[in-house]
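Shared chain: subunit A. Partners: subunit B in the first complex, subunit C in the second.
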Partner chain A sequence: MTPSGRIDTTTSGAVEEAIRRAVEAGARDLVVDFAGVEYISSAGLRVFLLLAKQMRDLQGRLVLCGMPEPVRQVFHLAGFMPLFRVERSQEAALARFATRT
Partner chain B sequence: MPAGRHTHVSPAAPAVGQVAGALDAFCAAERLPEDVAWRLRVALDEIVANIVAYSGPGEARSGLDVWFRRDGGLVEITVADDGPAFDPLERPDPDVTLPLEARQPGGLGIALVKSLMDEVHYERTTRNVLTIRKRIETGPEGAGAGADEHPTNQS
Partner chain C sequence: MTAIRLLIEPPGGQPSERECRTGAVTFGRGADSDIVIADHSMSRHHARIAAEEGHWIVEDLGARNGTFVNGERIDGRQPIVPGDVVKMGGTLVRVSGTGTDRIGALGVGELGSSIFRPIAELTQEVETPTGAPSRVAARLKALNDFHRAMAGPIALDALLELLLERLFSALHPEEGVILLRQPDGTLATAASRRLQGATGELVVSRRLVSEVVDKGTAALVSDIAVDERFAGAHSIIGSGIRSILAAPISDAAGCVGMVAIYSRAHVRRFGEEDMELLVSLASAASLRIRNVALAEEAAARRVQDHELALAHDIQMAMLPRHTAERPELDMAAALIPARAVGGDLYDFLIIDDRLWFIVADAAGKGVSAALFMAVTRTLFRAVAHSEATVASVVTRMNTELARDNERQFFVTAVVGRLDLRSGELAYASAGHPPPLRASGGAPPRPLDAIEGGVALGIVEDATYEEGRLALVAGDLLLMFTDGVTEAINSRRELFSEARLYASLAGPDRPVLEIVATLIDDVNAFAAGQPQEDDITVLALRYRGPAITR
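Let's turn to the complex of A and B:
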């Protein structure tokens, strides 16, 4: 998934909805590439916290990647980094899936 | 109240978007560095979303006011609302070391505001008045570089 722009109070509902549709369609290996994201606020963090819990319950895999500095900072300040698998690039994120098939 | 740009909106959900738009205009007019602008955007999103969440939906409110001010290397934003007295800074910060299953999304917003800003101040007058301040750090190569890096005599 490649969300873009701002993930804040105004836009987080749409991001949540897109994720919900993907998971409902059966997605269990999810890569979220933040390269096009300007910033994220706690409304967005909430979406990814719930997604992490959901993927754990579904025994799916979730990898985040491509975090620009504002996104990385907010994840870090919220103490979210240890909760997620975070890779630098989409290639590295996909490689995580390739190692266990 | 501080001088500078001012915006007044009603405390409904679109308020967050309206305030974000006013902040964008302020950031553009002041040509604020992107590293300052995104911090202000996140902080203000948290603050206004918090106010909207805590102001009762059916209650008549005269709205919230936001003042934007830049004074040299300092940006100050003041948000005033007519909700019941509520100091968001009194809430304890969430424990950010808990494992995934124990994490709750609540309370993260104001903790982020404190981390992203240099100063956060709450005052109860007849309204809730929250003021955030952020210093504009200029790189050593920039004109009028930060006093920290160049503590020389400034005549």
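Let's turn to the complex of A and C:
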């Protein structure tokens, strides 16, 4: 998934809905590429916390990648980095699925 | 004798088919015809098709425009056979055989009639009522009463009730229902009325809705059992309803609903004049319905705004009303919610000469964040009394907030404890910007970040560490939420830490002034741009231990 722009209170509902559809369609290995994300608010963080929790429950895998520095900072300041598998690029994220089956 | 099938093709209308086995069926524009057709070139009683002495005949009933069989005008009556085409005004009736004599096919005596007409045609048409004088009077009275009532102020419910009541007294249905489009786009029953003693479910047929609302046409169904538009519409046929009169409620913005009246006891309960009355009443009501709906929506919004204003007051009342009146301290704080209610919080309490304080920011905005903020405050107050260290207070708060947190709400917080006698400060951060400290006239700088501080509510078994340092007299501590550094202007630039430090720089001032200046600076930067996050600042100056005498 490649969300873009601002993920805040106004837009997080749409992101959550897109993710919900993907998971309902059976997605269990998810890569979220943040390369196009300018800003993420606490409401946006919640969407990915929910997703991580859901993937744990479904025994799926979630990797975040391509985080621009401001986005990484928001995850970092809230102390959430250890809760996610984070890779630099989409390739590295996908490689993670290939090596860990 | 063999049955015949009639394919009726009204001008510009949907063709329909009838099967005749015996008897007679009349055609015309008048509502008392067996087959009522909305065709202006047809007479009220135009022609009949009947079985006579073992043959099918068509008979002209003195129609002004005449009746034609296979292109030739007939005089009186003429036999017809399968393959013939009968023309009545602009309407064609094609005669065909039935192939097999189907058991249970309808005899003509049971034939009903129906009309589906575009509303525009009905409202433009000016026709002298020809019904019985009492019915005409009743219709006029209904129209008159209704218009008069609508001239005054009227609530939506009352308006719909009145519409049904007038329809009942003029047209004598057994049931009536008004559907209105809801904000989510669906149609829902807004009002209904039935005669006393009426039994069975009140039925709203999807078929009828699609005919009336989707196509914007009024519908007169004289006998539903033989109306092909309702073939297979089991719910409404099974309900025992025999005749229906329905009109869309439309205004310039489109179709907003439907009014329908039913009779179970009678076929041909309603006539064409009744349909015109219903259309008149429905269109008179439609504009008012929209206006009233808008007004009621505005009223509902006012109630909601009022509730939010109350919630705002309750939330603001949770914040400390006064700063701590202690000689060792100067305190000042500000909290500006981005909306009526918000997720930011500051609080403090003094326990045994120690000042406990918290600045926190619940994720998201609005009521959910405000509720989470209220829970956080209550927890802080409870836990501060029972735990010995800052780290254990934060750890305990996290455990409580994380328990059964299905929706993954979280709150970032900085919690501190200042020993007012010694100046010893302990602090811990849970995903929150660290406090700033200014000491000895030097510019403020953030306290050392403490490892592992995940925001509260997410990791149930998270533990927190605390930092410690000794404040000296005159030291300033400043806690804030990211609503300060992430305040935006119209170019979506952030206020930023740089501007925060710039605002705090300069000669030493009372804390009240420091907070006021910072808020002024943020407001000046934002220049009226609505903020997306609450803005909270808490400033403390330690003045050293109180001198005891």
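Note that the second predicted complex is superposed on the first by the 100 of 101 C-alpha atoms of A that agree within 3 Å, B and C clash if a C-alpha of one lies under 4 Å from a C-alpha of the other, contacts with A are read in each partner's own complex, and residues count from 1 in each chain.
We adopt the following convention: a residue touches a chain if its C-beta (ideal position, glycine included) is under 8 Å from a C-beta of that chain, and two chains touch if they have at least 3 such contacts.
These numbers were taken from a predicted model, which means no experiment stands behind them.
Colleague: Looking at the combined model built on subunit A, do subunit B and subunit C fit side by side or clash?
Modeller: Here the two partners, once superposed via subunit A, clash with each other.
Colleague: Of the two partner chains, subunit B (first) and subunit C (second), which one does A:19 touch, if any: first, second, both, or neither?
Modeller: neither
Colleague: A:83 contacts which: subunit B (first), subunit C (second), both, neither?
Modeller: So A:83 meets both subunit B and subunit C here.
Colleague: Subunit A residues in contact: does subunit B have more, or subunit C?
Modeller: Counting residues of subunit A touched by each partner, the higher count goes to B.
Colleague: In the superposed arrangement, which partner chain does A:9 touch: subunit B (first), subunit C (second), both, or neither?
Modeller: After superposing on A, A:9 lies in contact with both subunit B and subunit C.
Colleague: Between subunit B and subunit C, whom does A:56 touch in the aligned arrangement: first, second, both, or neither?
Modeller: first
Colleague: Touching A:45 in the superposition: subunit B (first), subunit C (second), both, neither?
Modeller: Both: A:45 reaches subunit B and subunit C.
Colleague: Following superposition on chain A, which residues of subunit A contact subunit B and also contact subunit C?
Modeller: 8-9, 41-43, 45-46, 49-50, 53, 77-80, 83
Colleague: Mind pulling up the subunit B residues that touch subunit A in the complex?
Modeller: Within the complex, subunit B contacts subunit A at residues 16-17, 20, 35, 38-39, 41-42, 45-46, 48-49, 96-97, 99-101, 103, 105, 108-109, 111-112, 115-116.
Colleague: Spell out the residues on subunit A that touch subunit B in their complex, using ranges where they run on.
Modeller: That would be residues 6, 8-10, 38-43, 45-46, 49-50, 52-53, 56, 69-70, 74, 77-80, 83 of subunit A.
Colleague: Considering the complex alone, what residue numbers of subunit C touch subunit A?
Modeller: The touching residues are 361-366, 407-410, 412, 430-433, 452-455, 458-459, 482, 532-533.
Colleague: Tell me, which parts of subunit A touch subunit C in their complex?
Modeller: Contact set of subunit A toward subunit C: 8-9, 41-43, 45-46, 49-50, 53, 77-80, 82-83.
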